[in-house]
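Structure incoming, see below.
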Amino acid sequence: MLVIMKNDATEEQVQGVVNRIEDLGFRGIPIPGSLRTAICIVGNQGYVEDSQFLSLDGVKECLRVTRPYKLVSRETHPQSTTITIGDITIGGEKPVFMAGPCAVESEKQAITIAGIVKRFGAEVFRGGAYKPRSSPYSFQGLGEEGLKILAKVRQETGLLIITEATDISNIEMVEEYADIIQIGARNMQNYALLRKAGHTRKPVLLKRGLAATIDELLMSAEYILSEGNSRVILCERGIRTFADNTRNTLDISAIPCIIEASHLPVIIDPSHAAGRREYVIPLSRAAIAVGAHGLIIEVHHDPAHAVSDGRQSLYPEGFERLMQEIKEVVHVA
Amino acid sequence: MLVIMKNDATEEQVQGVVNRIEDLGFRGIPIPGSLRTAICIVGNQGYVEDSQFLSLDGVKECLRVTRPYKLVSRETHPQSTTITIGDITIGGEKPVFMAGPCAVESEKQAITIAGIVKRFGAEVFRGGAYKPRSSPYSFQGLGEEGLKILAKVRQETGLLIITEATDISNIEMVEEYADIIQIGARNMQNYALLRKAGHTRKPVLLKRGLAATIDELLMSAEYILSEGNSRVILCERGIRTFADNTRNTLDISAIPCIIEASHLPVIIDPSHAAGRREYVIPLSRAAIAVGAHGLIIEVHHDPAHAVSDGRQSLYPEGFERLMQEIKEVVHVA
Amino acid sequence: MLVIMKNDATEEQVQGVVNRIEDLGFRGIPIPGSLRTAICIVGNQGYVEDSQFLSLDGVKECLRVTRPYKLVSRETHPQSTTITIGDITIGGEKPVFMAGPCAVESEKQAITIAGIVKRFGAEVFRGGAYKPRSSPYSFQGLGEEGLKILAKVRQETGLLIITEATDISNIEMVEEYADIIQIGARNMQNYALLRKAGHTRKPVLLKRGLAATIDELLMSAEYILSEGNSRVILCERGIRTFADNTRNTLDISAIPCIIEASHLPVIIDPSHAAGRREYVIPLSRAAIAVGAHGLIIEVHHDPAHAVSDGRQSLYPEGFERLMQEIKEVVHVA
Amino acid sequence: MLVIMKNDATEEQVQGVVNRIEDLGFRGIPIPGSLRTAICIVGNQGYVEDSQFLSLDGVKECLRVTRPYKLVSRETHPQSTTITIGDITIGGEKPVFMAGPCAVESEKQAITIAGIVKRFGAEVFRGGAYKPRSSPYSFQGLGEEGLKILAKVRQETGLLIITEATDISNIEMVEEYADIIQIGARNMQNYALLRKAGHTRKPVLLKRGLAATIDELLMSAEYILSEGNSRVILCERGIRTFADNTRNTLDISAIPCIIEASHLPVIIDPSHAAGRREYVIPLSRAAIAVGAHGLIIEVHHDPAHAVSDGRQSLYPEGFERLMQEIKEVVHVA
């Protein structure tokens, strides 16, 4: 076994681990590295419980290699990244609220919802012009017409715009109209798209894939940073598990894990995780309390007639209540 | 329940299903569709075993409309249950805090930690006397000696005691010493133990199994209630998924789901979900914000020498900080 | 589809759902139960989007009776599809064997391995020219140079060529050189790529995503068929679960499930499922025994120096043994 | 990183790994242990791909500690265990077939089914007298009356009997009547039951829990062996995943993994994995082909009237076909 010490571990702490190893009847060989010391355990015939070392002072972890990412890592960039767009800053003390319909359906629908979410405190308007859908027979979005509607929303309300690029064929057009380019969960490992996103001049919101580990999410972000765009916002939106109580299982622990591993901001999408509007407000409270840098929420003034995801969209009253309840939690995170 | 017939099911097969439904004393209404026929079962007050239909000729599948539990259901008992033990009430407005070590190791250890957790606001002392361990060679708990130490902790500190019964051979002894009987995740479907717990006069904390759905957790609680003990507290403690960033994935959405489906109180164990003390405080904030009725937290004054789960135990300072941060969130939930 | 109303749904809410169903041109039949009402939708020939009902007042949930895919379904196309390319037929009695390295590394490497796999009975040579890799710093494939090497392999050995298209920017070039276009697991829901694949004149091997259900896999195949290319081969290659004994969990049951639901051929990739060469041979035996229409296997003459996936590549002797052992099972499936 | 060499690794192989490490610009320090050599990698600043070492000759694994089990391990007991009961041997060349209903319902039912399964080649009769059920309102088994029926089946047919002990309160009675004591998936970590099973004089069939890793299954077996009963048969019966095409996901890879790690025999239960009789035959073929030492199959002469699990029970004709198809695969494994 290899016990990895923290970077700032003292001589005494290293000796403490060696002593513990010797107490157990084994030998501990410290191997100084350029960043930190690792201690190799020798002489054990059988199982050694790693929790015996993990809880000693100065110990960082047992037995794990260094992570495969670099630019996104907090180890190489200890200070948290903040991303400023217009009047808002993502990744700072104050959480950011993005809200709007799943899909842009018409100018009237978009402007109506934008007015509502702005009134209750949203700063960014979300709405899909290009929609990735499981079925080829489902509504696929308005395309460029949708982007033009979004531009009009910005002009009329002053809200910033986030919308999804689903492929290298539309990311340049999305870049032209949007303030933040969204890359969806299904595309988290679409590397050509990630590279292109790395060449745009707009911040990118990268959603975690349904079956992606945190390491894989960070590796995908690394693709974007490695091409020159360091303004990346991560987004937890639920993972696929056996649990059938929600559409996906919101992995709330991802937030402290990502904040520990990376300097990039991270927000939560409770709407896609829950899949049902009834759970969106409690999950939003939890998201802010756990320390997320913001929320992206589906809101529709008439969910019953929404062309997609109506089940998880909040009514205007729901969004108003969400924003009120969040205020109570905000100063904690 | 709805019985879906295969596309090529014959008239006779449809009639066969209807006959079987009528044998059971219900009515079966065939509903012809363009591709296939579905048969709706009407008149059942409770649970109907679907295997009785699934094996009939021509049947494709059964879709269940009504949940299989009764006593634990909010449908049959709309008002939330509160459980009062001594001075505390679980399931009300104010969350309840349980804290202590994974295992009782000695009187000195237990009294020391109990003093600490009481000072910072815990109302219930946790500590295992019987420990279920994956390895037969790991420390298995002090047994009755541990229970006696727990009784002394109560006497000296006034804290209530929660401790685990691991089998029908020790539940009566646990009942004698404890204020709340814990049934652990590995025993969530140990039905003999559940039935015995239903005969005790103490409240029972029932933890969700690693791979249990919410419905299965509620069915296990139904075992306890059906034997006469309705003072059951549920506990979400993380589920097993592919995600490797935490020991288990805390299913935070379970709280609003359980509160919607059942009248029983539900708390969160962030320590076992996280598996690492670094994440316990943010997860505790999230737990309170999402609406949990309390927390159960591992605390140890000397985690490096704990006989089990030292990696996830908070230091006293950590627990102090947790309780301070929680206060900010409390009034929201 | 069946729309389940909440227990306390009003007469008006039930009527609202019926009205919405009639607006869509179908019939809605309310079926009152002892606890709640369900409404059956009759008269739809195809897919009905459930979100249209889920967001109506009083609706609890929707239960789907008919699957959302059409062209790939065995219900609409009962006879199994066979795909003939050159001398081989995929989807018939005789399983097809595809083998080769993870990546094309050089002409010498490709020709060497092709000679080996041909000698032991492979009919198709696999090798990646474009490699989707989690890390931007990993080897990304030789690109068009790799495709030219593959063409040379075909010329010299007579083997057919399968290689992966990773994006709409390279699928046309892949189409030019390959006999079968592979779409990898990470791209299973890259819909632009699927549509383009639907416009090519080459058969497409579509791999199941790590977290994809069988229905989602079939829906992705539906994208390809709906654009005019009906020569699609499905591939099970392991799903992501908690189990850590293999890189992914081979879902062997997927084969009878897919064969029941769809007329398309389906093969198994045991190499990516196992992640370790030690398990590739037993899994291959199981794959043939369960009824798969073929195998795609990683083989390398020098795995220790392979640029990727060396751990799961068979040595030439291993592939020889695999092909011998398979012969014993072949006539069963 | 720590590279673990095989026990029989040569000096040259160790040097080969050191050379590879040095090629990469790092230092490799061999640390001879009592059983084998480990090589510690020093001097790497970042990520080292472990596949570079895993595929070198003589390398066993990277970075993992020795497993926590001893008695069940093939390392401490290289020769495969065979268990002989009456005329049959489990764990040898010839697979063993266990078959019968989910639950013993009546003497007539048991004798009828036993006659059928014996006729087509089963050697062990399965049937539950104590049934663990998710719902307290479901049929819980005939208890001792069921055991007496099983004894009569043995007397009349000569078949051996396997039946489940669900708790420490019934294991002694089960021991009295059964030839093999079954411990079910829900009880895989019921340690009191495992210890009691270790004190019986009958072989024990231990089923893998729904969310158990192979290591955990082996640790549970270790409980039984550590109490003195070394006649343990393991059983893979499907794990819980997101995949909804079967009731559980049969982890077919578990067989080669267990055979590599342990000397104990391992069989497969395709009925509980599939949850539908349509898939039981192909999964049984796969089970034998992958190398399982036997099968345990649910068969019912009248599944439509079975009190439990009728959906997954084979009809007599189905079992006959299964046994015929299996014969074709048998000599391969």
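The first chain written gets the first letter, and so on, giving A, B, C and D; residue counts start at 1 in each chain.
Quick note on the criterion: contacts are C-beta pairs under 8 Å (C-beta built on N, C-alpha and C of every residue); 3 or more make two chains touch, one makes a residue touch a chain.
If you're wondering where the values come from, they're calculated on a predicted model, not measured in any experiment.
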A-D compared against A-C, more contacting pairs: A-C
Chain of greatest Cα-centre distance to subunit A: D
Centre distance in Å when subunit A and subunit C are each reduced to the mean of their C-alpha atoms: 28
CA centroid of subunit A to CA centroid of subunit D, Å: 40
Residue numbers of subunit C (touch at least two other chains): 135, 211, 240-242
Interfacial residue positions of subunit D with respect to subunit B in the complex: 68-69, 132-138, 166-169, 186-187, 189-193, 195, 209-211, 216, 219-220, 222-223, 226-227, 240, 277, 300, 303-311, 313
Interface residues, subunit A side, partner subunit D - complex: 1-2, 29, 31, 33-35, 38, 40, 42-48, 50, 63-68, 70, 240-242
Contacting residues of subunit D [partner subunit C, same complex]: 47, 51-52, 54-57, 211, 213-214, 239, 241-246, 249-257, 260, 273-274, 278-279, 282-283, 285-291, 325, 328-329, 331-333
